[in-house]
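Next come two complexes built around subunit A: one with subunit B, the other with subunit C.
Up next is the complex of A and B:
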């Protein structure tokens, strides 16, 4: 059905009201002027690659890791992935999932995406060797809890509306019931939009601009960092508890020294704008490095890591037990090769990062992210079809 | 600044409802006679229900062409008999009956087969269907096209199980 003139006018009218507030001209729609095409905020669920990775960070995200039930063999896993693929498409287009018990909660234009990941068991069932490691070695600063670690399958749902995220996750969990059961769930939030409506890097709960060093989507650097030869990638999920109480006891300059960047803009302590290159050689009047030897930005910088890069996306989280609040970051890192890219960086940060004093990783999981799929296809078809 | 943020929030997510799909199908030249698109197909599980010998299949049918098309029949190896059904008011009661002439999918529009509405009735099931199963289903349309589907079975509680009466007296 074509959108009616009323629907188009409703949309254009709302946009014009926004323009008026920002000082732009109010656009009058007269009835002889064709209405502008409506802008869809749906993200195409189809494609060579799963779309969420290159999409802007969603405002809300939830991750659910699943363990396969003992009876789930390769054929059953393929049925689950066909089922989920249909859900991914319907929900991403704002339609209820097939057999949705609360169809009214499916909403279009909330930029909903679903990413599906595979743990080691999936490769075992497929009779194939997983390309990367199936878990990370435990780091000296890690205090890993089983309840936040591992998993055979992953669903990561993101959207700009939390109700839509929760609804979609409910469908994925319900549809998985004959095949798999949740092992852990984590949800978080991110604000990647500035007060002027423009995209920004976003901040973690320490107040730091977080993710400045990422390769930019669409650049050869990004492609080389993220995509493996098969069009997939890998995802590391680390649940990092932040000790805000002791962090808050620091002065601002102590906080800035720990990361090597300014809290105000995220600019390096040697620069003025967020994306200024770090000057790792610069020294202050006393001859000390402006960006400290143990500053997070120095230790994680690609120039200090033989050019190794990762692509990070974060979700802040809070976890309340009664009146006690735990705060943290769900650290998500995409890279073509965990062993070659992520692990050396992690080991280096674990050994020396100043931030280790206020951060503790309590969960860790690794997933292969298979390529996307086209109409008529399904996630994981190449591996399990 | 607060006012601006609020206005943006209102301006962005105004929705276009188009019978369930976000993209409006565009009518195309008759010469191309595009096939009906089938999305969101599923079958209700029967395990644990009162009558495990019958169920229904549901889906969204989209006709991107400029001529009406009808779904005229369906078959499945899991069912002894498959019929196209509608719900209709008869003597003040909602009853299910065979849909004469099939299910119309109007040009540049949709038909939704859904619980409580038109549906594909699968009868004389050879065995109960469990959530997580898949069912082959073949649909025939008035444009002489045939669509072979593999349809997932999902748990779903029907409004009133008895509105699907047993077709043959036992």
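Up next is the complex of A and C:
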């Protein structure tokens, strides 16, 4: 779809006014300039699917896992999910949630989305068997901490403004109070916009372009990768500590060899552009594979897994304890089928990935992501209604 | 200055392309649309003054205070400041800092700024007496923690992208390693853009419009408030914990009475628009002051301080310990003269401010902010060169 000139200008005008403010006054819009027509950047909270999954990565995201309180039965959980669904709609539209104690902090046009996930206990309460596994097997390289693992319920809020995320999360936590208590919280950030304002894949704190292998949203391959038959999916959350100090001791070519891609563009070592297909057979003058046997890009390539993929949307994180900073990646992966799509990949990377030397997974959780909902409905209605 | 249509469209086009990505695809720019001319959102790192002070509040900011190592003498400190100055210039222009181990994380057009501040030890090393006080007197309501207080040097990095801030801070900390070690780190966020894309004052986590009383950048009043004779200023950093739970127990009119302003617009209780002047004499039908004697807006009003003001640029923060979240405000205040402009205000608020019931200052630090520098120069050159 090609936008009309009017659409483009109307929208661009609104964006420019904001950019002139946040961006250091490159363009001074004076007071006589007519106000551009406001254009919504809200993301429709309704739909057959929860909308954040296919939306662009937010600049800021926060995940809160909850444990259900002992008294929370199926009916109580359904009450919570009706409350949360009303919150999801209001906040996604930039309106205060019902009973919001700081209603002015609900802001429109920040692309706020909420995703709700279910742990195994939700299925137990519903008297159903979860389709996928309850949790991931512990890998040899994992150093899991209880404080970052598991959970009965998940809220994942994303937006381009951190204040909006923090405010929304506070509403979800407050509404959950009679039913569930936070088990862990993780916050992170992503930059999916290049310096020219165009979309980019984004980089993790190692400096790598991260997510190139994703199927493109809207393609049949994406749909086959992500959506289960019921319109839901599953989410794997892994908290991966990155040892930036030892990573920095490598030369750039050592770093690129561990990844199998160029740091500059994310192109495979056998190509020139980010989305060039990997040539896994290519060899250098000495007969060695150009993409090493233990390179991350080779081991995580879908051709190594019968063509089956996952869809990743990570968030970078920093976590300070006193003056010590831990840096890492909140690895988020969506797939229709954890056992078939994610397990083999995880096991293969644990066995051989060159990056294991500089990464340590310290948290792991799995959630079923139920389908979306329509006006009058609520999240999880089919399971718990 | 009125932008030409071409300027506006050219800039707006670049902004729109980015917004279409980050904002949930309101406008689908297809691949045939010609790329808009890139427009710089970099903020010039050079100048008579350090540039962040008059720039719009960044979406994300991080402060790191450093303590000088015992071996760092005047010459060594000058070496560090020359290194840092080169970093300030490169990163502000979106280029990697010299020796950057993750050069691809340096991103242009994110409005990145760095401000460098000096604690008392810097003046000692320079063999000079600091113009202002070394630290603030401890107030009756303060509950200061060493972990958030003091420091010999300060770096304050702001940008509209957190990854860029985190990357820049890592460079400054790495370059400081032979000379100084982090004493504390504080990160926060601000939303200075309204839902229509226009600049707004912004709100703290109590939901208050926060900063209305500031003198406007570019006015003689601003210059008189902020700039000392040498082109520098001083920065007060106070970490103020906000008790959102007890604040939320108040009615909205109790909250507004404590502030002296309306939550909806930030207008004084005696007015209708945010920037209406306070009528401190106005009384209600029962003869009580409409803006209470202990209202924050009254006690912090410049008329209570011989007309002298401060210039505030706060950052909201959240700080998680396990699942417990502390919320607050990193209070940042710039003024030419701490003793004359800030002390009386601080003492008056400590004595009587209604907000004291829901706020606790847990960190406090004071830094001299030296003038800016020009190509070939460096920060602090006049003091240490």
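Observations, loosely collected:
Operating definition for what follows: the second predicted complex is superposed on the first by the 347 of 385 C-alpha atoms of A that agree within 3 Å, B and C clash if a C-alpha of one lies under 4 Å from a C-alpha of the other, contacts with A are read in each partner's own complex, and residues count from 1 in each chain.
Note that contacts are C-beta pairs under 8 Å (C-beta built on N, C-alpha and C of every residue); 3 or more make two chains touch, one makes a residue touch a chain.
All figures in this text were calculated on a predicted structure; none of them were measured in a lab.
Contact with subunit C, but none with subunit B, is seen for A:162 once the two complexes are overlaid on the shared chain. When the two complexes are overlaid on their common chain A, residue A:146 makes contact with neither subunit B nor subunit C. In the superposed model, A:76 makes contact with subunit B only, not with subunit C.
More subunit A residues lie in contact with C than with the other chain of the pair subunit B and subunit C.
Judged by the touch definition given at the top, the superposed model places A:109 against both subunit B and subunit C. Look at A:60: by the touch rule set out above, it reaches subunit C but stays clear of subunit B. After overlaying the two complexes on the shared chain, residue contacts for A:179 are found with subunit B alone; subunit C is out of touch.
In the superposition on chain A, A:306 makes contact with neither subunit B nor subunit C.
In the superposed pair of complexes, A:281 makes contact with neither subunit B nor subunit C.
With the contact threshold set out at the top, residues 1-3, 7-8, 11, 14-15, 17-18, 21-22, 38, 40-42, 94, 101, 107-110, 160-161, 195, 197 of subunit A are in contact with subunit B in one structure and with subunit C in the other.
Note for the complex: subunit B touches subunit A at residues 1, 3-5, 7-8, 10-24, 39-42, 44, 58-60, 108-110, 130-134, 150, 152, 154-157. Within the complex formed with subunit B, the subunit A residues making contact are 1-3, 7-8, 10-11, 14-15, 17-18, 21-22, 38, 40-42, 76, 79-80, 82-83, 86, 89-90, 93-99, 101, 107-110, 160-161, 174-175, 177-179, 195, 197.
Across the interface of their complex, subunit A is touched by residues 1-3, 7-9, 11-30, 32-33, 35-36, 38-43, 55-56, 58-60, 94, 101-105, 107-111, 147, 160-164, 166-167, 170, 181-185, 187, 189-193, 195-199, 203, 205-207, 244, 248, 263-264, 316, 318, 320, 322-323, 325, 327 of subunit C.
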